[in-house]
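Just passing along the structure, written as structure tokens.
Here the chain labels run A, B, C and D in written order, and each chain numbers its own residues starting at 1.
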Amino acid sequence: MDLADGFTAIFVSLGAFFFFAGWVGLVRFPDSLSRLHALSKADNLGLGLVIIGLMPQASWPFGVLKLVALWLLGVLIGGATAQMLAGAIHLDDGREPPGGNGDFARRTSEAGRNNEPGAAH
Amino acid sequence: MPEIPLPDPRWADLPLAFAVLGLALWLTLTRGDRAAVIGFTGYGLLVAVAWVRLGSVDVALTEAALGGGLMGVLLLTAVARLGSDIDQPRPSLPGDLLIGLLCLGVAAGLAAVVLGLPSPAPSLVAAVEDHQAAIELGNPVAAVLIAFRAVDTLLESVVLALAVIVLWSFGADRAWEARPRALDFGEPSPALVLLARLLPPVGLIVGVHLFWTGADHPGGPFQGGAVLAAMALLVWLARLGRPPPVTDGFTRLGIVVGPLMFLLIGLAGVVLAGAFLGYPDAFTKPLILLIEAAKTLSVAVALALLVAGPPALSGALSMRRTGSTETGAKA
Amino acid sequence: MTEAQIYGICGAGLVGIGLYGAILGRSALRRLLAFNLMGSGVFLVFGAIARRGGIVGGTLSDPVPQALVITGLVVAFAATALAVALLIRLAAVERDEASAEADSEATDSPAAGAAPARGPAPGAGHAWDGRG
Amino acid sequence: MSGFLLVAGIVILVTVLLGLVRILRGPGDAERLMAAQLLGTGGVAALLLLGSATDLTAATDLALVLALLAAFAAVAFVAGLGMAVPDHRAGQGASGSASRADGDSPAGAGG
């Protein structure tokens, strides 16, 4: 095993850890915005670290270029959708009402779409 | 670090298969329509991964683009438009349980058939490989689509064009000169506008890449066209552009150019190669590329227009809550 | 169990679930979803058959069933788009009728129930202009 | 190396599959969408690892398409939400559309 493989092992493991952390956050966090925060972690750090880890294994130049493009895409799309979702779930107090099936997201639009800290990591 | 042996792939297959089945069952039984449709988009992504495990990246690409992407836009906008996302009681037929048992029986019967498939399995791989060299395509699936079962593909592209015509006919008569409005949802969020400005150039490259690489690697006109259609939908949803009116000549040309090109070259084959849809030896590759390019364009236009809906005088616009973005920007 | 068997059985299960949902779905849209599940189950069974054929032929997957599934997926999408358009049209017509009934009850004149030559009904505006 | 990459891919895939719990539990549709997003991102990572481990270069193309299109559900969801809370226009009280929409209104959903 050489240096490149060690690099890959470390970064892919870190990426997998952040996916796990994102999952724990998505399932365990109490309110929507925190869950979104956890999702963004998996989105950006998890995928980003896996991609960095895979770079030594990819073919030069197109394999590496595709990986870079994928990472840029992931950051752009992840950030923008997190922003949109944050707008959709934003409530005045930022806490989740004790609603049932689906009503939370529907109580959206009045406050929606303003800049939500914690959403765009 | 010791070398880790290759794990048994069933560690991925079994959870994936269970997740697909569980998600399908949930989205059949759950209450809200919108929840079910969101589940369905996730389902499309999972099935795409399953297709990779079945060794078919071509199908996985199609499933990811159509099932995960375009289907989500089509159905979520439909839920919004129908306004039907309230708890609807399940229709209680008297034979509920009986129907459930019968469906279980159908599934069990089909599963038994799957397990009892003849061995060794019938295979057309050798037949395709024998003739693949003649048409200079490295991707066997593309070879089947464009040459060996070309009639299927031709009819299928005609079906797409017909579907758009039928969809347009659902519009009101007095709206005929108007544009499709199914994606007309009022002011978009700034993040969506940003996404719709940055993503389409990337999507354009990916779509054309899929079409071009489809000759020798997984990809092709359907996959490329679906990605291009998705980019058009993004632009329309962000209101950076509007779907063309159905009377627009270029749009109509775009819908039919694929089947038309296929048909013309196929008819020319009667004279030049001695068979309908046959390719003359000297020009096989250029002709195939010509057909596939036209087909990519037609698939893209037709899929985008199928999601955009029939022409209408007023879209979601009349239901739009005014000023939501403006107040949001100030806050 | 091979992956062909795993996903083949998965496809069989999906056909069963889709059939159940297509008969007993809560709404028309859900029945449409169920119909798509059924189709995707059939495609997966096709995929299992393609996989078996591919192994015999020394590749990953038999290209002929793959090509059939690709055309099938595109046609299924077109059919779903048409069905969605029909559903929205149906909803507009139902809304027209509901508002016509409500109007006729409000004006208390039974003859207005037919409402032959009225302008576009209120509430139909967001669903493709009501009746043509 | 490929053994390690496959194990990592399977671990990530199973992790995001467990995230499906959020699709089932909700409580809001936004949560369900987040779980679907996680499925998309995790699917991309798993495909990259699988493709790298088994020399399936086309998996990278599929990952690109997944990454491009997995966001579309979120886009359509947020765009469509504007419709789910319609303004109460005058003179609509008796019509079918208003009575349906009432079920979705903030007042109706808060209970």
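Everything below uses one rule, namely that a contact is a pair of C-beta atoms (placed from the backbone, for glycine too) under 8 Å apart; a residue touches a chain by one contact, two chains touch by 3 or more.
What you see is a predicted model, and the numbers here were worked out from it, not measured in a lab.
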item: Chain pair with the higher count of C-beta pairs in contact (A-B, B-C); value: B-C
item: Relative to subunit C, chain with the most remote C-alpha centre; value: A
item: Whole-Å gap separating subunit B and subunit C, where each centre is the average of the chain's CA atoms; value: 14
item: Distance from the mean Cα position of subunit D to that of subunit C, given in whole angstrom; value: 20
item: CA centroid of subunit A to CA centroid of subunit B, Å; value: 26
item: Intercentroid distance (Cα basis), subunit D paired with subunit A, Å; value: 12
item: For subunit D, residues that touch 2 or more chains besides their own; value: 1, 4, 26, 29, 33, 35, 57, 61, 64, 68, 70-71, 75, 77-78, 81-86, 97, 104
item: Subunit A residues counted as touching two or more neighbouring chains; value: 1, 5, 9, 69, 73, 77, 80-81, 84, 87, 101-102, 106, 109-110, 112
item: Residue list for subunit B, restricted to those that touch at least two other chains; value: 1, 3, 9, 31-32, 34-35, 70, 79, 81, 83-85, 189, 192, 195, 199, 202, 316, 319, 321, 324
item: Contact set on subunit C toward subunit B in their complex; value: 1, 3-21, 23-27, 29-30, 33-34, 36-37, 40, 43-45, 47-64, 66-71, 73-75, 77-82, 84-89, 91, 125-132
item: In the complex with subunit B, residue positions of subunit D that touch it; value: 1-4, 6-7, 9-10, 13-14, 17, 20, 23-24, 26, 29, 32-33, 35-36, 39-40, 43, 46-47, 50, 56-59, 61-62, 64-66, 68-73, 75-87, 97, 100-101, 103-104
item: In the complex with subunit A, residue positions of subunit D that touch it; value: 1, 4-5, 8, 11-12, 15-16, 18-19, 21-22, 26-31, 33-35, 37-38, 41-42, 44-45, 48-49, 52, 57, 60-61, 63-64, 67-68, 70-71, 74-75, 77-78, 81-82, 84-85, 104, 106, 109-110
item: Residue numbers on subunit A that touch subunit B, as the complex places them; value: 1, 5-6, 9, 69, 73, 76-77, 79-81, 83-84, 87, 101-102, 106, 109-114
item: Footprint of subunit C on subunit B - complex, ascending; value: 9-10, 13-14, 17, 20-21, 24-25, 27-28, 31, 33, 36-37, 40, 43, 47, 50-51, 53-56, 58-59, 62-63, 66-67, 70-71, 74-75, 78-79, 81-84, 88-91, 93, 96, 99-100, 103-104, 106-108, 110-111, 113-115, 117, 120-126, 128-129, 140-141, 143-145, 148-149, 152-153, 156, 159-160, 163, 166-167, 170-175, 181-182, 220, 222, 299, 302-303, 306-307, 309-310, 312-319
